[in-house]
Every structure is written in structure tokens, then in C-alpha cells.
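Common to both upcoming complexes is chain A, partnered first by chain B, then by chain C.
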Partner chain A sequence: MTDSIIKMEHVDMVFHTRTQEIEALRDINLQIFKHEFVSIVGPSGCGKSTIIRILDDIIQPTKGTITVDGYTYIPNKQVPKEVIRKFGFVFQNPNLLPWMTVKKNIMFPLKIFHDKDSQWEKVVDDLLKISGMSEYADYYPGALSGGMLQRVGVLRAMSYQPSILLMDEPYGTLDNLRREQLDMETMRLWDTLKQTIIFITHNVAEAIFVSDRVYVMDTQPGRIVEEVKIDLPRPRTPEVTATKQFKEYKQYLTSKISNVDLNAIK
Partner chain B sequence: MSMKFKAFLYKLSPLLVFILIFSILELAVQIFTIPVYILPSPIASFRYIITSFGEMWPHMQKTFSQYLIGYPIGSLIGFSLALIFIMSKTVTKAISPYLTIIFCTPQIVLIPLLKVWLGYGATVCTIVCALSCFSSTMTQIMTGAEMIPVERFELVKSCKGTKLQSFFHIIVPSCWSSTFTGLKLGAISGLAGVIGAEMIGDTRGIGYVVKLDTNIYLMVEMFAYVYVLMAFGYIVYSLICLAEDKFVKQ
Partner chain C sequence: MLDNDSSHLDVNNKHHSSISHFDQNAELIKPKRKSIKQKLICDWLPPIVVLLLLIIGLEICTDGLHLFKEMVMPSPSSILISTINFFKLKVGDYQSTFSNVFIGYCISVPLGLIIAGLLAQTKVLVKAFGPLIVVFAVTPMMVLVPILVMWTNFASWTRILAVVIQTVPIIVLNSLAGFTNVPAEKEELARLYGASKSKRFFKIVVPQAWPRIFTGLRMGVVNASLGIISTEFLILGKGMGYRITVACNFLKFPLVFGCIILVALTSYLLMTIVSIVEKRVLVWKQ
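Let's look at the complex of A and B:
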């Protein structure tokens, strides 16, 4: 794990509203390696989601340098499509288009990328198959449960085979059992497809369970205050959460988050 | 009660309610001997429709043809303006105060002015119809566009999509539902516009006859035209609902 695929150096982000300036991120420095599973945890409003939106060029940073797989983002210039294609984005809510079937939703990014359907049809069918969603291919999102909708959201982000997945609190609205199942499925897909994942969550246990490394963020302004390597064996099963090592990680990270929350109140 | 009969009853329920309402009206007229100038017998009005259809038809034809020209034109203008405004904030900023003035001006006060400018022809009624319905379609589409979740646009951005792709793949389909709401509201106000225009100084059309019949207390005839108008409005509205079911899949 020596090749860094993502590097953010001294990244600042200031949002301008009509009446004020909001400093969302200050001096963000992070490095992600190939086939790594990295989580970013922190309190609400600390800018976790902003980081991955900057990476995917949905918003542009005020300052700083970003390098993705050897390409350095140029200020005020759109990042080339080939670079952006390396990213798949999973939204906090499933964000499916209600007028399209499950399969059409999964193929939506391909339409935007102007790819031919026939070229990718098999890839999408395979994705549906390995996630056990084939029978729901022609369903409309309105007919699916919350967990299934989010799985479709993940499959959509994977449809064009990106090498990096940016997941913005994907299972935050689901119950613990469902979340655990989907975390397991995400790890299985990550291992099979050899992707790199940046996972945003406010759930410390979830971050430890899935990650190789965890970044802890503080708020006002959003900044990284801690980086913790998670040295738990893989493949991981829910039993790992009962181990002493897991509990120690949880205690340590929770104390860091609590400090962060207290700092925010002060 | 068998399931088949229940389903049959469910399908027939609107018709049954229709029969019930008109039966109550008919009974009320007969039992309380309501004077004809207040409420004529519905049966008498329906009979008039059947026996004097030939007499009614030219007026119906004029009203409906003007409506069927004015309503699509108005809706199309509303749809186009909404799309322009959604795409360009500058155009919205420049034009929206003047459109607000048009919205806030009751269309009925423009009718005499249009009559002076364009004469007493069908054109005025068509224009009033278009003016009456374009605002509903436009405002509904714009409201629908404002309510599109920002994540849908981010989805296109995350695939390096263009503004045009956002427009065709996100804005237009997201606004289908509100477009149909606007079309339904426009269908009602457009019809009101045509009738209003005919009432003010026209010599043909349902609006003209209704006004004339009311003035000389020909209430059976007047109600006959009102029932025809209600049926026409219902058919147009139902057709839009059918189209909505076909287009808006959720």
C-alpha cells in the first residue's frame, strides 16, 4: 500500500452567502492509498461531505492542492472527465430518479457519460446479479424499501466501474441490523472489485468496522484532528465488534469525537 | 358481496353519485315546487339538450373551438416561459416583475380593451383563454423546478454532465408532475376566460347565450348550457389526468 491515489494538501473551503462567509474547511490534508477503505467521522456540519464533493469536482475549493491518480486539479478549471470517471458517488439519501426503473437508474451515469447502453448492459446485469437485485430490475423506486433503495444507489455509483467510491453516509438512515448487513455487503464488493473507498459516517462503530484508517474531524471550521489506523484482521464479521481491540478503538475514537463536540459547544 | 361486484361498484361509483345528485335536485324541484327561475328541473334541461342540440351546437362549437386553440397556445407559452426562466436567472430577474403585474391584473378587465383593439371576433376569446391559462402552467412548472432536490443536480455534476443534460434528464422529468397540475389549473381558468370574454359583448358562444338566457329568465336553457359546459370541462380535465397517469411514473 505505497501508491497514494488521492492527496489533499492545505485545502480550504469558504462558502459565501448573501450576508456572510462560512469557513467550512480549514487546512485539510489527507492521503488515501490504492484499495484502501478510509472513513471520515465527525459531528454534523464539520464538512465531511464537503471533502468528497470537492474530490468529485461537484464544488471547487477556495484554496489547496488536490491530486488524484497523478492528476493535479487546476484552480477554476474543470477536472477532465477521465479523472472524474474514477469516482463513483453514493449519496446520503438514495437519490434515485422516481420516473426510472431500478435498471435505468443504475445506467443513468452511463447516459450522462454518453456511453452506449449495449456496451454496459452486461456489466449492469452482473452488478444486479451479485447484489441479488436482478428480480427488481424493472421495479420503480417507489416500490422498494429504504435498504434496497440505498443498494441501488451504490450499484449506480459502481455502474461505470470507477476505481474510487465516495460514500456520503450511505446507510445513515437505516436501522442497525440493516446497516450492518449493508456494511458487510459493501466490504465484500470492495474486496471483490478492488476499489478504494472513502466512507463518510457519524457512526464510530461503523467507521471502525469497515475501515483501514479513520480520520476524525472537528467543526467550526471543519478540520482533521486525528488519524487512526484500524489494525483489525480481514475479512471482518459482526463478531469483531465484540473483541477487546474493537472496543478500545471505539472508546478512543468516541473520546476524540466527544472532545470535538465539547469544543464545539465551548 | 363478491369481489367482482365490489370492483364493478367501485368503477361505477362516480356515475352513481352523479345520478344521486341529479335525482336529489329533481326531487327537490318537484317536492318543494321550486320556481323555475331559481332552479329548473334537471330533467327539463337534459331534455332541452337532446331536443335542441342543433340549436345549441353553433354556440358550443364556437366556444369549444376557441378554447381548444387558446388553451394549447397558452399552455405552450407558459411551458416555454417557465423553461426559459429556469435556465436563466438573468431573464427571470429582468422579466418577472412585469409578469407579476400581468398575473395580478384580472384578465376580465383586459377584455374590453382587447375588443377595442381586435374587434368583436373569436380572436379576443382565444387570446383571453391563452392569457388565462398560461400563468397557471408557468408558475406550477417553476414551483416544481424550485423543489427539485439539489442532489439530483449533483448526480449529473458527479458524472461531469452539462447544463443541458441537467435540463433534459433532471429538470424536465422532475417537473412533469407539476406541469400536469399547471395544465389542470390552466384548463379550468382557460375555460373561464373564454366564457368571460363571450359574456362581454360577443354575439355567439356559450358565454353569450348563458348571459342572454339569464337576462330573460330562460333558466331551463341556461342550465342546459351550464351542464354542457360542466361535461366539457370534466372531459378535458379527465383527459389531462389520463395523460398524467401515462407520463408521470413514480
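Let's look at the complex of A and C:
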């Protein structure tokens, strides 16, 4: 756990709209180690999603340095594909392509990356198998429900075996029961595939439940206000949320967010 | 490394199968399919009943009660008889009109899609040509027919040309709307995986545009019929438009109505064919 796989130093992000400048991120410093499960928690609009979009080169930061696995991003230059391939990205809404079957959706990144190896097809089949989705491989997304779609979204991000998984509030729209199940499934996959995960959520309890470490963010401007190491034993089950230690973490983290979204701490 | 992983995965599969079982039963939304009997009663019966009532009502009002003169509204039975008698002798007009529609449409579809596809490659082109295409699409192209006739000197392909200029703009307009209105999240997906320009276009832009493209194709069928009939009103010699004009001049009103109904029914049939193709292509869209 000594070498960091991701390092963000003094990253600023300013969005320009027609009428004003919006300071989305101010002086973000992050360090994430190999095979770590890190959450970024904060209220809506604090720039959580912006951070992982910067990491995945979907948007470019205004200032600051980013290093991923030894490669330092160069401003105004596309990050090489080898680095991009280290990332798997799970969208908040599953963002599947409705005209492709579940399996084709999962294979979509491989198609774009020019991987047509039969070996990959096996990997995709295996992924479908472990998540118990094999029999839905030929379904179109329109026939599946929200929870299933999001699982397909996760599988798509894993299809090319990235070493880092960026998850943007993946289960934010699901009910508590389903979210807990999928959180557990995510932890299990993480444990099996030895990835590094950055997990974005507005739900403090969820962040504590899944993470090794939690960054707490606040709004206006989006900034990191606290970093907490979560010392709860693994593997974790929903029972852990009832422990005293868990509740203390929750209280502490919640107190760090000034304008707390009431729904988020329920 | 791959094999290692998959063996891991298999071991874990058993362990967690309970979760997936739960999902399988609860989360799948199965599309309901109507049986043929249900379809017959729910979908087809009501329009057939309306049509039959209309025909019977008209028949009573005309031949039964003699409310209208024949030149205002001929009776359905006389329309049917005169039309059948006429087309038993001459099917050339019908053939000519709709073979021209077919040829013109078959030229228009690829032409329209290619033009829209090329324009969609650059934002500047869309901005530059967009208004022009809208103007073309909203102008009834039949105003150009007299000029076309002069240019082509009554050549037989004037009719096909008329179909093409009436059909292409509406296909271009709708396809272009599809190509340029890609949802931001889908664009993000392309950027995420660093898709090349051509991959972005063929894997994301085109598939998501299909519904809009088909709207254009359906409207294109309507416009193709419109184009040909209006041309045949002006270029005499053959075609349903010509036949209507002649029948009018000779006061054969049942035949006029018969021709109109034939044109309407055939256009309806053509549009239904496009709709069936659409349903086949867009299976994912329920």
C-alpha cells in the first residue's frame, strides 16, 4: 500500500458559462493507493463527479497535476489510450445503448478498443455468469429494470479488466435494499478482481459501508474538507451499520458537511 | 491471468447465487404480446367497423335517399363498379404512377441519407446548409414542376425527378435532426473510450438517430405520392393524376373518386410497409 496509483495535486476546475464563471473545484489533493476502495462523499453540486471525469480525461482541469500509475497528464493533450484503459467508468444513470443487447453493451468498449479476440468474449461471458446475468445476455436494455441496468453498466466498465474503477453514484437512484445488495456485490467483485475503486456517493452511510477511506467534500467552491480512514473489518455485511463504531463515523462525517442534504443522511 | 480470474469468478458464483435469484424473478419486465384474436378485436375491428358504417351511410344517402347529385358525391357502389370496369381494361396509369414512386423513393432514400450524413460531419456545414434544407422541405415542390417540365423537355424521367426533389429534403431534414441531436451522455461515452470519428458516427450517432430517420422515411413516402400526382396533373399522357384530370373533364365522377381512393389506399399501404420495416429494425424500441 505504499505506492499511490492516483495522485491529484492542486487541481482547480472553473467552468465558463455565457454569463458567469463557476468554480467547481478548488485545490483538490488526492492520493489513492493500489487496491484501495475510496469514496468521495458530499452534497449535490460539490464537484464529486467532476473529479472522476477529470481523471478519465472526459474533461480537462483548469490547473493542477494528475499522475496515474506513473503517467503525468499533459495539459491540452489527450491522455494515451493505455492510461485511459486503466479506468473503468460507471455512470450515474447506466447510460447503456438501447439498440444493443446486454452482451453487446458490455462488449462495446472492447469494440471501440479494437479487441475482437475470442478470449475477451470468454471474459464477458464469465462476467455475465458471476453476476448471474447470463440468461439476459440477449435482452435489450428496454426490457430490464433499473437495478439490472446498473449492473450491466458495472459489467461494461469491467469488460476490459481495468485496474481502476470510477463509479459515479452508481446506485443513487435505487431503493435502500437493492443498493445494499449491489454495494455488497461491488465489494465482492473488488475483492476478487483486485481493482482500485473510487466511489462517488452523496450517501454518507453508503460511503462508510464500502470504503477503506472516505474523502468528504463541500460545495461552493467544491473542495475536500476531510479525509477519514474507515477501520471496520472486512468482509462487511449490512450488520456492520448497526455497530457503535459505524454510527460514530457517520455522525462525524455528516458534521463535516455544512449544508447537509437531509435526504442524504437518512 | 485471465484464467486465474475466471476460476475465481466461478467459485464466487455459487456463493452469491441467492442474490441473482432474487433479481431474476423480481426485476424482469416482460413485454406483453397480444394474441391474434385479441389483435383482431382490439386493433383491426374498430377501424373496419367505422369504414363499413361510412360506406353504408354514404350508399343510403346517395343511391337510397338521393340526397346528393352524382357530380357532388357518387355512390360507393357506382365508384366501385366504374373503377373496376376501367382498370380491368387499363392498369397502365396505376402501374406508371406507383412504379415511378417506387423508383423515385429508392433513389431518394440513399441520396437523402448520404447528404444528411455528409452534412452532419461538421457543425459548420449543418449551420450553413440547415436553413436551405428547411426551406426546401417546407416549400411544396410542385411549384417547381412547370420549370422541371421545361428543363427536361417532357422526358419520361421528369416524374421520377419530381418525386426525388419532393422526397429528399424531408428525409435529409429528419435524418440531420437525428444525427445532430445526440444525447450528451452518449457523446460522453464515445469520448470516454476515445472512439475515433468514424466509430463515433457509425456506432453511436447513426443507431440513436434511427427513430428520427424513420420519421423522415415515412414522411418521404407521403411526399413521394404528392410529388408524382401533382406532376401528372401537369404532364399529361399517363398516371393517376392524368386519369383524374381526364375523368373530371369527361364528367366521369365515380371514376374520379375511384382514382382518388386508389391513390389514398396505395399511399397508406406504402406507409404501412415502411412502418413494418421500422418495427423490424427498431426491435429494441418497444
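Just so it is clear, the second predicted complex is superposed on the first by the 255 of 266 C-alpha atoms of A that agree within 3 Å, B and C clash if a C-alpha of one lies under 4 Å from a C-alpha of the other, contacts with A are read in each partner's own complex, and residues count from 1 in each chain.
We adopt the following convention: a residue touches a chain if its C-beta (ideal position, glycine included) is under 8 Å from a C-beta of that chain, and two chains touch if they have at least 3 such contacts.
Being a predicted model, the structure only gives us computed values, none of them experimental.
Because the two structures share chain A, they can be overlaid on it, and in that overlay chain B clashes with chain C.
When the two complexes are overlaid on their common chain A, residue A:P233 makes contact with neither chain B nor chain C. When the two structures are aligned on the shared chain, A:D56 is found in touch with chain B and with chain C.
Of the two partner chains, chain B and chain C are each touched by A:P98.
In the superposition on chain A, contact of A:E185 is made with chain C only, not with chain B.
For chain A, the partner that touches more of its residues is C, with chain B and chain C as the two candidates.
Touch criterion met: A:I84 reaches chain B and chain C at once. After overlaying the two complexes on the shared chain, residue contacts for A:K129 are found with chain C alone; chain B is out of touch.
Of the stretches 5-13, 23-31 or 185-193 listed for chain C, only 185-193 runs into chain B once the two complexes are overlaid on chain A. In the three-chain superposition model, chain A touches both chain B and chain C at residues 56, 58, 78, 81, 84, 89, 91, 93, 95, 97-99, 108-109, 111-113, 140, 142. Contact residues of chain B toward chain A in the complex are 149, 151-152, 154-161, 165, 169-170, 173, 176, 248-250. Interface residues of chain C, counted against chain A in their complex, comprise 2, 5-6, 8-10, 12-13, 16-17, 19-24, 27-31, 185-186, 188-195, 199, 203-204, 207-208, 210, 282-286. Residues 53, 56-58, 78-79, 81, 84-85, 87, 89, 91-93, 95, 97-99, 108-109, 111-113, 140, 142 of chain A are the ones that touch chain B when the two sit in their complex.
Residues of chain A touching chain C in their complex: 56, 58, 78, 81, 84, 89, 91, 93, 95, 97-100, 108-109, 111-113, 119, 122-123, 126-127, 129-133, 135-136, 140-145, 147-148, 161, 181, 184-185, 188, 192-193.
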